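Chain nomenclature is as follows: A, B and C, assigned in order of appearance, with residue numbering initiated at 1 for each chain independently.
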Amino acid sequence: MSTTNGNGRQERLLEVKDLTVGFPTRDGTVLGVDHLTLNVGSHERLGVVGESGSGKSVMGLAILGMVLPPGRIMGGSVRWRGEDVLDPGVANRVRGREIAMIFQDPMVSLNPLKTVGSQLRELLQRRVGLKGSAIRQRSLELLDMVGIANAGERLRAYAYELSGGMRQRVMIATALACEPTLVIADEPTTGLDVTIQDQILTLLHDLSTELGMSVLMITHDLGVVAQFCDRVQVMYAGRIVERAPINEMFADPQHPYSLGLLHSVPRADRDDGELTGIPGEPLDRAQFPPGCAFEPRCDEARDGCRDTPPPLLKIAERRWVACYNRPGEGSA
Amino acid sequence: MNGQVTPLVESRDLSVHYTRWVGSRRRTVYALDDFTIAVAPGETVGLVGESGCGKSTAGRALLGAVKPTKGQVFFEGEDVTDLNRRRWRAMRKQVQMIFQDPYSALNPKIKIRDSIAEPFLVHTRKRGAELDAAVGEMLEMVGMTASAADKYPHAFSGGQRQRIVIARALALHPGFVVADEATAALDVSIQAQIVNLLVELKDTVGLSYLFISHNLAVVRHVSDRVAIMYLGHLMEIGSHHDIYENPTHPYSQALLSAVPVPDPATRRSHEPLKGDLPSPMDPPKGCRFNTRCPLAVDQCFHERPPLTERSSGHLVACWVS
Amino acid sequence: MTAVDDTTTPGADTGAVDAVPPEGVTVLADLRSHLRKSKAGISGIFICSLFALVAIVGPWLPFIKDPAKQSLPDKLTPPVGWGGTWTHPLGTDQLGRDILARLVDGARISLLVGLAAVVIAAILGTALGLIAGYVGGRIDTLIISAADVQMAFPGVLAGLILVAAFGPSVWLVIVVIAISSWMVFTRVGRSLVLTLKTSLFVEASELSGAPSTRVMWRHLLPNLVSSLITLCVLELAAAILSESAFAFLGFGVQPPRSSWGLMIQQGRNYITDGWWIVTFAGLAISIVVLGVNLLSLWLQSFNDVAEREQIILERPGG
């Protein structure tokens, strides 16, 4: 896998600014995503890494204007090539066509009562407008593209007849049907066996290079990020705490949370020293302190951390950190 | 690590087959075949493999929780395969298990005190204040406060529940603990806490682990020796160094190269292992890895390769490598 | 080892600490404070205890007349407000017996039969369901076949046979209703156990050497309770109605004693001349069933530990 993906000038595809998603609860509104800013350029593989409850999956859906009720988007903007995706008209045009999604569990997204072929057919008729024999032609082509052998036979299969890896390939095929410019992949390999995960990641990597697609990879797995992405954002408690090019993030993490995360992951390729872990537990959403959400677990915390959340500031070229102990140059 | 010392737990040719109805047909599931392993006192043996490789079945068979179809289990040199009920109950003090899913491993309807007290109630005469003290001591041992005893499981996060599960497993000071994907359901920052706790307890309490996991990195971190399984067969077993620095079986090599290393500096191009895992209801003849093996020769499709010693304590089941 | 201060880390555990009652607080105290916060619970308890009280002490109250005393001149007197007098506040039936007195008397029979039948059926049925589900194998096959046979066998027919053999009596009605509803508990209990027994906490208990009885009693049963309580209520309502059916067929309580079912069945012929006979008996049944339903609703939410603590502690003043 190569570090850079394509070359030439990058065009800004997706621009998310101050996106905030709230969920009403008994104790008031809890922010699932809090003033999130994110840009995806063309030919880019951006990783968003976070632990459970960090809001990364909520973010993935909210970018397409989808939030499960009773949650709602409370503020911010999402622009796709300059157009407002939060406008339902634009969202319907863009969603599934220019921006496609791949989820963790393909069983949820694939219709259990329809064969792979009929699901692809429906998609190609409705969204792409193909007719007649072109549909079958394109279906076979898509399955071939995602590395499914005996494509003709697989078209007649139902989702439950396929293995987990095979289902994820079908899912990718349906995402590719409309030749999207950006694929949002939410934990696409979680739950798959290591060797199958390897197949799927390699497939996604190769496809994004060949087809010039950008990928927004949402994952909890730092290994997946390190092997797959060009750039990475670390999320904690609904906010981006650090953003950096992939090599710099792993070589020199700046935010105490990123640092703790990297020191928590054992490596299979060499003996590592003691895992330091991060003390404490992730907080319950309703109990966020008014200041930095990581403050209760942070060993660098000081008084100033407790009042308002630190803004995401630029500390160097392409590097942003939200921490009072890492003062930056200007605001995001 | 093995050799002169009497192993704490040992299995010889342990096999577990069971039948399952698939539609209207009875099919035999070959969950575990000829599983031979020894765990020395104070040793951690990692057991690695993908889904359906039989690693959980192997762990449960060693604990007597699953009845083997054939083979034997020894505890401190004594054959415990066919112990009667009463003897097994006594054995329970010596061997315990830590589970994957800390949410399902604690009864939601009873307080933490009652969960941890159960082994004491079953095996000891501790009652009342003495029992409370024992429960509190266990909770403190795993880094919780004794006041946690009064709460119900729902008040705790996954990591805290896993600590409680560990406290319950260690209540009677067992010598041997099977940790079945003990950290798989946890976030990485919590996983590190639990891994550290397990390593620390091993030294302070004096434990041996069979550490079952699909995560090669975690296994590398905790294990003295490592065994790699595929579809019910042991493929390779050796020291930490043998497996990670000199993996010999083609499956071990493929498995290791498939792990995404959390370091972009180590990106390497490699050919992913082809194909899917076959079903344990219909395993391939000969070497079970033959459908995906890049090196497979004719013999691999007919004869099962035996585990042969390649260097001291490093055994590999492969005709080719 | 940084993780040792896990539960003492500021913030990490605050919710949990707050959400747990102080030491020494028993389940009973939990129950009380939980009840205070639950309108359904209070209403349910109120209705149920009122009826129980009436059933127990009613006949000795000074204004309750003899339920068996007939007075043909007074027959079909309407209740107060519809032309009746306070002599018979709820009117009289076709034989001039006081409706209020008969309702109070009937409450004893209806509640006795309903409760006794459901308790017997629930204990027997749940125990069999637990054993069938947990032990499995031949015992399971045996129990579940018996339940199937019972399910296919009409309860009324069983009643007829038994009455033919032993003669009509209230106790017989209880037995007949109990044996025609135990299998409901068995079936539901068994299917719940089949799911539960694959839980890791059951395996953990077995691995710690706990005997099967302990696993069933301490681990399986508490997890069945909330579902079975709902079932009890449904069955209680059904049992009260069954009792009325048996009364109508003449197999249950014998006149001059009364039961709500008997009153409805007898009053149904006079529905145009004396609507109050069926109406008050029907109302009595409906209100009791409603009360028991409310009670079960509350018990169910109490049984859900997480919800219980939320209600006790987080909703200030209900």
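In this text, contacts are C-beta pairs under 8 Å (C-beta built on N, C-alpha and C of every residue); 3 or more make two chains touch, one makes a residue touch a chain.
Values in this document were obtained by computation on a predicted structure and should not be read as measured data.
Asker: Please identify the chain with the largest separation between its CA centroid and the CA centroid of subunit B.
Answerer: Result for max centroid distance from subunit B is chain C.
Asker: Would you identify the chain whose C-alpha centroid lies closest to the centroid of all protein C-alpha atoms displayed?
Answerer: Going by the distance between chain centres and the overall C-alpha centre, it is B.
Asker: Using mean CA coordinates as chain centres, what's the subunit A-subunit B distance in Å?
Answerer: 32
Asker: Using Cα averages as centroids, what's the distance between subunit B and subunit C in whole Å?
Answerer: Centre-to-centre distance between subunit B and subunit C: 47 Å.
Asker: Any idea how many Å lie between the Cα centroids of subunit A and subunit C?
Answerer: Averaging C-alpha atoms per chain gives centres 52 Å apart.
Asker: Mark out which residues of subunit A touch at least two other chains, giving numbers and ranges.
Answerer: 276-279, 281 - these are the residues of subunit A that touch more than one other chain.
Asker: Could you check subunit C for residues that touch two or more other chains and list them?
Answerer: If we look for residues of subunit C contacting two or more partner chains, we find 2-3, 5-6, 15.
Asker: What are the residue numbers in subunit B that touch two or more other chains?
Answerer: Residue numbers touching two or more other chains: 159-160, 193, 196.
Asker: What part of subunit A is in contact with subunit B in the complex they form?
Answerer: Where subunit A meets subunit B, its residues are 1-3, 51-52, 163, 165-166, 193-199, 201-202, 220-228, 246-247, 250-251, 260-269, 271-272, 274-279, 281-282.
Asker: Which positions of subunit B touch subunit C when the two form their complex?
Answerer: 63, 65, 88-90, 92-93, 96-97, 99-101, 104-110, 114-115, 118-119, 122-123, 143-145, 147-148, 150-152, 154-156, 159-160, 163, 165, 168-169, 171-172, 193-194, 196-197, 200
Asker: In the complex, go through subunit C and note every residue touching subunit B.
Answerer: 1-8, 15-17, 19-21, 23, 199-201, 203-211, 214, 218-219, 222-223, 225, 303, 305-306, 309
Asker: Sort out for me which residues of subunit B touch subunit A in the complex.
Answerer: Within the complex, subunit B touches subunit A at residues 50-51, 157, 159-160, 187-193, 195-196, 214-218, 220-221, 244, 254-269, 272-274, 276-277, 292.
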